[in-house]
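One chain, chain A, links the two complexes that follow: it is found with chain B in the first and with chain C in the second.
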Partner chain A sequence: MYLFKYIMKRIGLMLMTFFVIVTMCFILVKLLPNTPAAQFGKDMALILKRRELLGYDLPILQQYGRFLKYAFKGNFGIGETYKLGNEVWTVFKNRLPYTMCLNLVTISFSIPLGLLLGIFAALKKNKWEDHVISTGVMIFVSVPSFVYAFLVQYILYFKLGWSSATVDVSAGAWSWTFVKSAIPAVISMSFGTIAGFARYTRAELTEVLTSEIMLLARTKGLTRSQATFRHALRNSMVPIFPMILGEFISIMSGSLIIEQIFTIPGVGELYIGSIQAQPAPDYNFFMLLTIFYTFIGLAAGIVIDISYGIIDPRIRMGAK
Partner chain B sequence: MENKTDIMNIPADQFVIADKEGYIHDVKLETKPVGYFRDAFRRFKKNKSSVVAAIIIIILVLFAIIGPFLVHGNYHDAYVSSTALVNYKYLIPKVSFLEGTGIWDGTKTEEISDNKYNMYRAMEIELGYPAMTDILSERVQKDVFGKETKLYKVRTDSYHSQTIITMTLTSQMYQDILKWQDETGLQVILPRSNSQGYDLNPSCWFVADKKGNAKLDANGNFVPDYFTTGEDDYTSSVRLDSDPGKTDPNAANRYRYAQRTGTAETGYNYVVRLHPFNYFQYMFGFEPCFIFGTDGSGYDIFDRLSNGARFSFLLAIVVSAINLTIGAIYGAIEGYYGGAVDMIMERISDILSGVPFTVVTVLFSLHLSSKVGIVPSLLFAFVMTGWIGMASNVRMQFYRFKNQEYVLSARTLGASDLRIMFKHIFPNSLGTIITSCVLVIPGVIFSETSLTYLGIVNLGSARLSSIGSMLSAGQGCMTTAPHVILFPAVFIALLEISFNLFGNGLRDAFNPSLRGSED
Partner chain C sequence: MTSKLTKILAMALALVMVVAVFASCAKDPVIGDDTTAAGTNPDDGPKGYVDDGKTYSYRMGPSDLPESWNVQTYQSNTSTYVLDYSSDALYTFEYNDNYDGYKIVPSMAADYPVDVTKDYVGKFGIAEGEENKAYKIALKTNLKFDYGEVLNAKSFVDSMKLLLNPEAANFRADNVYASGNLKIYGSEEYVKQGSTTMEDCTGGAGVGSGKYTGWNFGDTGAEIPADLADNVFFDLLNCYVNKGWAGQSTAEDVAALFSKYTGIAAEDLLAMDGKSLSEIRADEAMMANLQVLLYDFWCTDPEEPWGFFCYKNVWEAYDFANVGFFALDDNTLVIVLKNAMEDNFYLRYELCTSFFLVYAPLYEQLITKDNGVYANTYGTSVDTYVGFGPYKLTSYTEGAEIVLERNLNWHGYTPEEYVEGTYMTDRVTYKKVADNATRLEMFLKCEIDSYGLQTEDMEDYIGSEYTYFDDSESTWYLALNPQEAKLTETAAAATPLTAGNTVIKTPLCIEEFRSALSYSLDRQSFNKTLSPTSGVAKALLSNMIIADPETGMSYRSLDVAKDAILNFWGLADKWGEGKEYATRDDAIDSITGYDPEGAKVLFDKAYDKAVELGYITEAMIADGKWEVQIIIGRPSEGNYYTKGYEFLSACWTEAVKGTKFEGHLTFVQSQVLGSTSFGTYLREGNIDLLFGVGYGGSMFDPYSMMDCFTGSLQYDPFTDKKTVMLDIALEGKTLRASLYDWVSECLQGNKITATVVGADGNATSETVEISAGTSDPSERRTTILAAAETKVMTLANIFPIQTDASASLRCMRVNYKTEDYILGMGRGGVEWYTYSMTDDEFVNYAKGQENGVLNYK
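Take a look at the complex of A and B:
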C-alpha cells in the first residue's frame, strides 16, 4: 500500500513542479515585447482586433487563465511568425512521429548492444577485450555526438555515397523509406546510447560479481556461468532497468543536434525553427515545446524513481 | 633455555636503570607527513591515462592562451573589413617546413577538366608560382552525346591557384603598390588582359574561345592577350618577362598594367588585376601560410579556434567558480540545517532543475541579450541551473559529516554554526567538490558549443568566434574543404575526452576508500 501512496506523492509533487515551471515560463514569455508589427498580415486594424480578441492586452494572469483553459482542449494558438497561420498543436502532432520513430529505431538495437558489450567487458574484466571495450566506451561517452555525426555524414554520404544527405519523408514517419534514409542519424545517435549502457552495465556487473552473494552461489555448487546468469545478471539489472525505462520515455524529446545536422523534420527542428523565426521568435510554438520538454524531463525522472521502488523492495525511497 | 625459565631469580645486580635522566621521549618521525592532498596527488600520479589527459589539457589551455598572440596581428585586424579577405578563402592547412611533401603543405588532390588544367598552367606562367605541384593521372570521359573531355587528376596548391583579384584603386593606393613593387621586386599589379572577351574570368590572360578554352599556338604555348594601348601611368620597373616594356619602358607595344578612369581634376582611378599571392604580402606583410588553413570568409582558422577556445575556457571557468560559490553555500545551508529548511530549498532547486536547459538559455538570451549583451546573458543562463548539481553534492556531504563526533565536540566548545560549516565540515568534502568543479568545465564547453552550433546563441562575429559556430560553418563545405570542420571537431573531441579522463582520475584519487585497491 505504501508503494501506491509513494507513487501518488511523487506524481503530486511532479505535477506541482510542472505547474510552477509552466507558469514561470508563461510569465517570462509574456513579459517579452510582442509588438503588432511583428505579427502576420498587413491590415493593422485587423491585427489589432485579432490581438484584442485573443486577449493580448489583458493582464498577464488573466491571459494565463485563458491559456490554460484553451491548452486543456489542445488549442495552443496558431503560428504567428513561424509556420504562419498553422495550428501549433497540429504542426507539433505531425512532427512527433518522426522524432519517435528515429529514437525508437535507435534504442531498439543500441540498448541490447550496449548491455551485451557491458556484460562481456565485465566478464572479461582486466583482459584485453575489456580494455578495448572500455577505451571505446570512454571515447564515445566523451566525444560530443555532433562530432561523430559529422564523421558519419562525411563517410557514409560524401565518401561512400551510401546514403542521401537529407531524409526522405515522402512516405511518412513509420515507413521503411524514412528509416532507411535516416540510417546515418540513427548510427550517430546510437553511439552515445551504446557507450552509456555499456559503461553502466560493466560497472554494475563488476560490483555484483565481486560481492559475497556470488561466493555463496559458487559455494553451494553452481558453476560460474550458472551463478552469473541466475544471480549476478539479475542483480545488476536493478539499477539498469529503470535507466532503460527512462530512455523509452525520452524517445519523444529526441536530440536537437542530430535532427539539425540531418535535417529531420522532428520536434527538435521545430523548436529551433520557432526560436530562430524572424522577426521575432514564435511564442506560441515556444510555449508548447517548453511544456512538452519540461513534461518529458519530469516524467522520465519520476518513472525511473518509481521503477526503482517496484523492482527492488530494498529501495523504497520515501517510504518510512 | 635454563636461564629463561629461571626468570624469577635474576640477581639484583643484573638490573640497570634504562634511563637515569628523565623520561623516554618518542622518536621524532623522520618521514614527511602525508596529508589528504598529497595522498590524493600520489594516487593520481599512478593513473597513467589521467596524467596524459592532464598534459593534453595543459596543451589545449596553452593553445587557447598563447594562440591569439602567435598569429599575425595585421591579418587579425583585417577581419573587420572582411571583404579584403574573401580572396583567400578555403586555403588548405600548410606548415612551411613540410612544403613539397604532400602532407600538410597546402595542397589537395582534385580532378579537373582540360579547361581548368590549362588555366592552372597559364597561371603558373603569369604568376611565377606553380598552381599544380603534381600531375597524378589523366583520363578521357565521354558524356551522353559522345563528346570527349579530358580529365586530369592533379595536386593543386591552394595558395597559388587563387583567382586573380580585380580591383579599382585610387591614385594614392596605386602609387604605393608601385613603390612597394620596386622595393621588393615582387610583381603585384599584372597587365590588363582582354579576358572579358572570353568568359569574364580575370585569371585568363591568353587567347581563348568563348568558353575559356585556350587557343594554343603551333608550339603548344599560350598566346598572350594583354592590352597594349591606353594610359596606365605605370612607373615601376617590375614587369612581366614577356613584356616588351621590360627592355624598353617606352616601347609602343608594351603591356598596359591598369585602366585609367576619371579625369585629372577629380583624380584618377585605376582598374587593375592583382597578383593574389604577392598582393597578400603587400597587404599583410608576410607570406600566406596558415597552419590550420582559412575558412569560407578567409579567416585564419588557427586564430579563430584559439580565440574560440579561450572564450570557452573562460566561460567554463567562470561558470564553474560561480557554481561552486552558490552551490556550496546553498548546499551547506540545506545539509546542515535539514528539516523544513532543507525541504523548501530542495523544492526550489527541483523546480529550477526541471526547466530544460535550452528553454533557460532562450529565455535569458531573449530577455537579457539586448540589455547586458549576449555573453553575460549566456553566463546567467549557465549559472541559473548550473549550481544545482553542486548544491546537491555539498548537501550530501554535509549530511554525511554533520552528525560525526568531531562536529559535536566543536559545537560543545562553542563554535558557531558558520564556523562548523566552513571550518570543520566543508574541508572534508573538498575532494568531491573539486572533482565536480573540474567535471563542470567540459559540460559547460559542450553546452556552449551545442548552443552556438544550433544558432540558439549567436556568438559568431568578425571579432568573436566560438567552436560551435565554426562547426556549423564547416558543415556546409564538408565536401570541398573538410579542413574547416576538422580542426574545431578534433579540438572539442580531444578536450572532452581528456577532461573526462582527468576528472575520473581525480575522483578516484580523492576517494579514500579506493586506497590500495589498485595495487
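Take a look at the complex of A and C:
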C-alpha cells in the first residue's frame, strides 16, 4: 500500500514536472531570435505572410495553447525549418527503430561482458589480470567513442575489408542485414559501456568481497565461488542493477557522432539539428523531442527508484 | 565415330538455329513509349534508348541528403539531388555542335517561344503596339509523368495555381514575380490577395512615381490628399529597409540609429512609428520631430521624404484567370509577362524551368491544414512524389540513401529524341557519408564514383591524372565595417585582451588602415593553408562570369574588365611597349595582392590620421595601454573559419611589426553567426570583419549580381552609394552619376539621368538619359560594369581575396564528354558520362587490387 501511494505520488509529481519543463522549453525556444534575413531576389512580404500563417506573430501563450491543442491529439505538425515538409512524428517514428536496434545489440553483449570483466578483475584484485583490465578500462572510459569509431571503421573496412563503411538500411532496422552491417558501430559504442560496467562492478564487488559478511559466509562453510555468487555478487548488484536499467531506458536516445560516422538514420541528430536549424529553430521538432525525452527521463527516474526495492527488499519505498 | 561426331554437330547446329529463331521472335528490348512503333525492322531508323542488359550506376556520397524536394517549397540545395534527375524543363542547356560551348534547346517544349502579344491587346495590361509580353510555347505531345500519366499544358497551369496558392505562401512563389527577370503577369496579385503589405512609397505599387511630388509634409495648412491620409504610414523599419539600407532589424534599433544622427529621442521616434500621416499631422510634437528628421537633417531631394513612409497596400481578391499563365489547348502554354522580354538568351534562360511543375492530384491529396496552418508533405518520400525527368525516384531512406533509376516514360528516350551515346547511366545513387576520410576510403574501394578533394588530400592527389579542377562564378572577399558610430559603440562595450587597455576600433574607419589590412594579407599563403585549389582573386567578378550569354563571351577576357583590375591595383600605366609589362595579361599575372612594405607605410599613415581625428588620444599614447581590437566573424563551424582566423590574426600581428600599431592590434573570433545571418552581423556593425564571404549564382548575369554591392544586400550599407559619384566614358562622352544609379538602376534596365562631364572634369548643364538593360548594347553594359567594379573596390570596404575553386577525382571507370570545363555544361554531367566497366565488373576489378583499393595518385 505504501508503495502504491508512493508510486502515485511520484507519478503526480512527474506529470507536474513534465508540464513545467515542456512549458518552459516552449517559451524559451520561442524567445530565441527569429528574424527573417533578407535574401537576394526574395520577396520579404511572402516570407512574412508565411510566418503570419504559422502564427509566429501571435502572443507566445496563444501559440502554446494552439500547440497543446494539437499535441494532445498526437499531432506535432510538420517541419518548417528542419526537415521541411516532413511530418515530425513520422520522421521520429521512422528513425527510432534504427537507434533502438543499434543500442539493443550494443548493450545486449556489452553489459554482460562489462560485468564479467568487472567480476574477473575483482576476483583477481591487484594481480596482473586486474591491472590489464583496469588499464584498458581507463583508456576506454577516457577516450571518446568517435575515436574508436574511426579506428574500427578504418581497420575493419578499409584495411581488412570485413565490413562495409556505412550501414545497410535496405532491409529496415529490425533485420539481420542491418545488424550485420552495424557491427563496427556496435563495437565502437560498446567500448565505453563495457569499460563503465567493468569499472563499477569491480569497485562494488571488491568492496563486498572484503566485507565481514564474506568472512561470515566462508566460516559457514561456503566455498569461495559459492560465497561470491550467492552473497557478494547479489549485494554488489544493488547499485549496478539500476545502471543496467538505465542503459535499457537510454536505448531510445541516439549517439549523434556514431550515427553520423556510420550513416545510421537514427534519432541522434534530431535534437541538435532542430535547434541549429537556420534561420530559426524548428519548433515542432524541438517540442516533440523535448516531450519525448523529458517523459522518458522522468519515467526512468521512477522505475529506477522502484527497482531498488525489488533488488534489495531491505529498501522500502515510501515506508515511514 | 565420324557418324557420331556428325550427329553431334548436326544437333548443335539445329540448337543454334532454334535459339536464333527464338531470339529473333523475342521482343526487342527497346525502352520507351512508342519505340516499337519506330518500325518493324530495327535498322530502319532511330531506335530510342536500347537496354543492353548491363548496369551502370553513378554513385555519390554527399555529406548530407535532402529531406524534401517539393519544387514549390524547397529551401536547401540538397533538394536538387532528386530534382535534377527526376524533373525536366521547357528548355535546357546542351553542348554546341563543336562541344566547346553551350546552346539552349527545347526539352519539354516542342519549339522555341513565339511572340503572341498582339493577340492579347486589352487583356493582362497589354496595350496596343506592345511586343514581347506574351509568348506561346508548344509542348511535346509525348510528355508523361514518371508512372505514365499524361503531362500536358493543363498540368503546368494546375501546378502554377498550387504554387501561387495564397493560403500556402509557398517559398518559391516569388520566383515568378520577384526573382530573376521573368515576371508572370498577375502572379503577385494572386498570391498576395487578401493580405496587407507595407510597401515603399517611392515605388510604383504605392503612391510614388512622382504623383505627389512637391507636397510638403511640413505645410500643415495644406490639405492632405485624401488617398494619402490614412494609407500612408511612418514606419521606421520599413523605411530603413525600403531606402536600401541594411543592418538594423527592429524598429527599436532603427530609432536608436536615427536618434544618434538627429538628436531626436529614440522613444519619440518610436512614438511616431506606425502612425498614419493624418495622425502625425494632428500631433504638434510629432510633426516637429518629423520636420527635423526629414528636412533639417536627412532629405535634400523633394521626393526623398516619401522614402520614410510606407504605403499600406491591401491586396484585393484576384481571379486566377487574370494570371498570365494559361493553356491554349492541351499542348500549348501561354505565358504573359509583366515586363516585356525580347526573345533572346535571357528569356530562354529563364524558360529553362518546369515552372514548378508537380503532379497536382497527388499534391492536393497531401495538403493538410492542422493548427490552421497550410502544409504539404509532397516530395518527402517515394510515395509522395511523382517526377517527370530522365530518372525516377525508386528508393529513399531519410538520412541514409536515395536511389533513382531510369524513367522509361521520359520523352528523351524515345526514337525521335534519343541521342546515341547519352544517358548510359542506369541508376543514380546517393549514400550519406558524413566524414571526408570515410568518403575517400569508399572512393578508393570503388564504392562511390566521385570524390571532392579536401585541403588535406591535395598533397597526395594534386598531380594525379584523375584530378580535375573547377572554377566557380563566386569570389570570396574580405569585408570590413567602416562605420564610426557603431565602431565607437562596440569598442566601448568590448573587453580588452590585455587588462587595463583601452579598446578602440575606429581606425577601421580610415581607408588607409583597411587598405593596409588588404595589402598585408599574403593571399597565396592564405589559399595554401585554407583552400589549395583557390587562386588569388584580383577583382570582384571571377573568370567564370559571362559578359554576353548570347555568344558565351567571358567578361574577364574583355579589355574593359582587365582595365578594371589594372586600375584598382595601380598598374594601368605599367603595361605597353617599353613599359614594365608587355601586355595587360602580363601585368595582371604579376598581381599577388601582397605588399607588406606598402602596407606598413599605410599603417603608419592610418595611425597619424587616427591621432589627428582623436581616435588615438595623447593620453593613450602616453601610457601605451590601448588596443585596436578587431572581431572576426565566424559564419559557421569548420576548419576554414578556424584556420582562417588563426592565419589572419598571425599575419596581421606580424604585418604591423615596425609600425606605430605594433603590439596594439588584437583579434577576437566571434561566436558562430549562422550560415544565413552572418552578413546581418556585419551590416549591423556587431562584428568588424568577415572573410571568405561573397555572392554566387549569377554566371550569366553579372549585371544583376553587381547590385549586391550597392543594393540592400551589400555588406557595407554605411557608405551611401547614392552620394558616391562615378564618371564613365561612354559613347564619346564622359557621364557622371551616382554609383547606385549606375548599378542598381541603369544596369538593371532603368533609365537614369547622367550629367555630362566637361573636358575640365567639371559637370556641365547637359544631361543624358541612359539605360543599360538586357536590350541595350552589350558594350555599354560591360563598360559600366567594369567601372563600377573598380569603384566598389576603391571604396576599400570589400576586398577580393580568393577565387572559388574546387578539385575532384574522376572515377577510373567514368569518362567525361569533354576534358575541359565548358561554361554552362561542365564536363557533360550524367547525361554524357560513359563507363568503361559495369557495376559488377568494377567491383571485381577492385577485388583484384591490393586490399581492394585503387591507386589514384
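Basically, the second predicted complex is superposed on the first by the 277 of 320 C-alpha atoms of A that agree within 3 Å, B and C clash if a C-alpha of one lies under 4 Å from a C-alpha of the other, contacts with A are read in each partner's own complex, and residues count from 1 in each chain.
Keep in mind that, in the parts below, contacts are C-beta pairs under 8 Å (C-beta built on N, C-alpha and C of every residue); 3 or more make two chains touch, one makes a residue touch a chain.
These numbers come from a predicted model, not from an experiment.
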Broader residue contact with chain A after superposition on the shared chain, chain B or chain C: C
Partner chain(s) touched by A:79 [first = chain B, second = chain C, both, neither]: second
Chain B versus chain C as contact partner of A:153, first or second or both or neither: both
First (chain B), second (chain C), both or neither touched by A:256: first
Overlapping contact positions on chain A, where the chain C interface meets the chain B interface: 150, 153-154, 158, 260-261
Touch list for chain C against partner chain A, complex: 67-68, 70, 73-76, 167, 169, 171, 173-174, 177-180, 188, 191-192, 195, 197, 199, 241, 246, 249-250, 368, 370-380, 395, 397-401, 431-435, 437-438, 441-442, 444-445, 447, 674-677, 679-680, 695, 708, 712-713, 851-853
Chain A residues touching chain B - in the complex, by the definition given at the top: 13, 17-18, 20-21, 24-25, 28-29, 31-32, 138-139, 141-144, 146-147, 150-151, 153-154, 158, 256-257, 260-261, 271-272, 275-276, 281, 286, 290, 293-294, 297-298
Sites on chain A touched by chain C in the complex: 35, 37-50, 53-55, 66-67, 69-70, 75, 77-79, 82-87, 91, 94-95, 150, 153-154, 157-159, 161, 165-167, 169-170, 260-261, 263-265, 269, 278-279
Chain B residues within the chain A interface of the complex: 347, 350-351, 354-356, 358-359, 362-363, 366-367, 442, 446, 449-450, 453-456, 471, 475, 478-479, 482, 485, 489, 492-493, 496-497, 499-501
